[in-house]
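A short worksheet on the structure shown next.
Chain lettering (A, B, C and D) follows the sequence in which the chains are written, and residue indices restart at 1 in each chain.
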Amino acid sequence: MYTYELELKVRDYECDLQGIVNNSVYQNYLEHTRHEFLLENNVSFSDLHNQGIDAVVARVQISYKNSLRPKDTLVSKLYVKKEGVKYVFHQAIFRKSDDKLCIKAKVESVVTQGGKLLSGLPAFDALVDK
Amino acid sequence: MYTYELELKVRDYECDLQGIVNNSVYQNYLEHTRHEFLLENNVSFSDLHNQGIDAVVARVQISYKNSLRPKDTLVSKLYVKKEGVKYVFHQAIFRKSDDKLCIKAKVESVVTQGGKLLSGLPAFDALVDK
Amino acid sequence: MYTYELELKVRDYECDLQGIVNNSVYQNYLEHTRHEFLLENNVSFSDLHNQGIDAVVARVQISYKNSLRPKDTLVSKLYVKKEGVKYVFHQAIFRKSDDKLCIKAKVESVVTQGGKLLSGLPAFDALVDK
Amino acid sequence: MYTYELELKVRDYECDLQGIVNNSVYQNYLEHTRHEFLLENNVSFSDLHNQGIDAVVARVQISYKNSLRPKDTLVSKLYVKKEGVKYVFHQAIFRKSDDKLCIKAKVESVVTQGGKLLSGLPAFDALVDK
């Protein structure tokens, strides 16, 4: 059901004193995956910002299942649904070596222009999973 | 109802190209608040780790309400409840200048020893809000 | 000889798998110290950016002497000299508990406007140590 | 003269409010390049740490030449020399699209075991450029 996936390598500095990837870093992975997904579809988060259009995260839910560690490669997957004005990214990150689920996440974002909420963006609507 | 609060200053490097604090950084603020809360109660996250006891985040929910920006001071608040084996941290971050809610979060954590789930930790139980 | 100092607390997420503050984090501390120093003198890095004026780091030298660890408080100090078009920040970070030197740094920065190098900025010149 | 290179994509969260990759992030790139270089030669920074052997950065010099921006791909290169007890990494990062030099760096590191300075490590000596 996931429509996009990105492979990344854990970087040692992303690990904390417990020797595992720090919780907050998964949000970095999730964001980078969304932005690369957009880029692959010719939509640039930074270009949109320069045009005054900002995609903003409204809500995040992350379930942590298994920790990533130094030397791990991760596979980050997503698909998008639209619910009202929200673009809901369903995301998951797997450890590549054994396909184990590391985290599952739901990221709800909205689009704003000059601070005002938009009902959507055609460029984003085209990426929604139906 | 919050039993602990910590004041922090936004650091410019925490802001991303949108000129606002990046979403993932709030998880840094939330973690630092929990660890300072523990320290104030003579419980050290790093000392526990060195004894083989790890507090691990199992689930995070964050609602983003208002963005923090350069020069902002934030007030980060929490209280803890216990639900089964989970310690549930109810956290919120406010902008100090106008007391506006920036994020609201629920962070569920468990305690493990040598990878095994513990039913709890006396040092943590003493901090739970009744 | 240092003309400004800022006290910060180590945050556990700033520590890496070696259990010490990661090398790159010291650059965060150094930047935050410079920006807080500017702010205390009514110069805002982010406001300057919004006016098209950017202070940009051209060169960094850091000598790492002693590691910071969880629970440490650090004292970050600086003074500024001007050398040609460069503002040279002489910075050092000390561990508060025993006053031990953790790092010593020299950060050379220049000011640009619309990508063009400026010979200086009156607001910065006023802060230079003579 | 560089003996190893690694290609990385800029991640939007690595950019700060100036819209360019933050200065401190280059140290992340540099570290990750060194550690991947070691891994490719069957030396693991994290495994060494677990055996009580730590490679520690003693000194860093970075010259910033051109900024990396969202959507950029970077090519990070290195070679290593030994000077006394120090392993000196000569590193540079180039923008892939036009081969422009972004930063040039010299990173001096030493190896310690239980806090004591070692004169070197055979596994590292084998990687030194002669």
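Note that in this section a residue touches a chain if its C-beta (ideal position, glycine included) is under 8 Å from a C-beta of that chain, and two chains touch if they have at least 3 such contacts.
Bear in mind that the values here come from a model prediction, so they are computed numbers and not experimental data.
Compared with chain D, the chain whose C-alpha mean position is the greatest distance off is B. Of the two chain pairs considered here, A-B and B-C, the higher C-beta contact count falls to A-B. In whole angstrom, the spacing between the mean C-alpha positions of chain A and chain C is 32.
As a whole-number value, the distance joining the C-alpha centres of chain A and chain B reads 22 Å. Annotation: 27 Å between the Cα-based centres of chain B and chain C.
Shown for chain A are the residues in touch with two or more other chains, namely 12-13, 15, 17, 19, 22, 24, 28, 31, 46, 70. With chains as nodes and touching pairs as edges, the resulting graph is complete, every pair of chains being joined.
Every residue of chain C that touches chain A in the complex is listed here, in rising order: 12-13, 15-17, 19, 22, 24, 70.
Residues 17-18, 22-25, 27-28, 31, 46, 49, 54, 56-64, 67 of chain C touch chain D in their complex.
Of all residues in chain B, only 9, 11-13, 15, 19, 28, 31-32, 35-36, 39, 44-46, 69-71 touch chain C in the complex they form.
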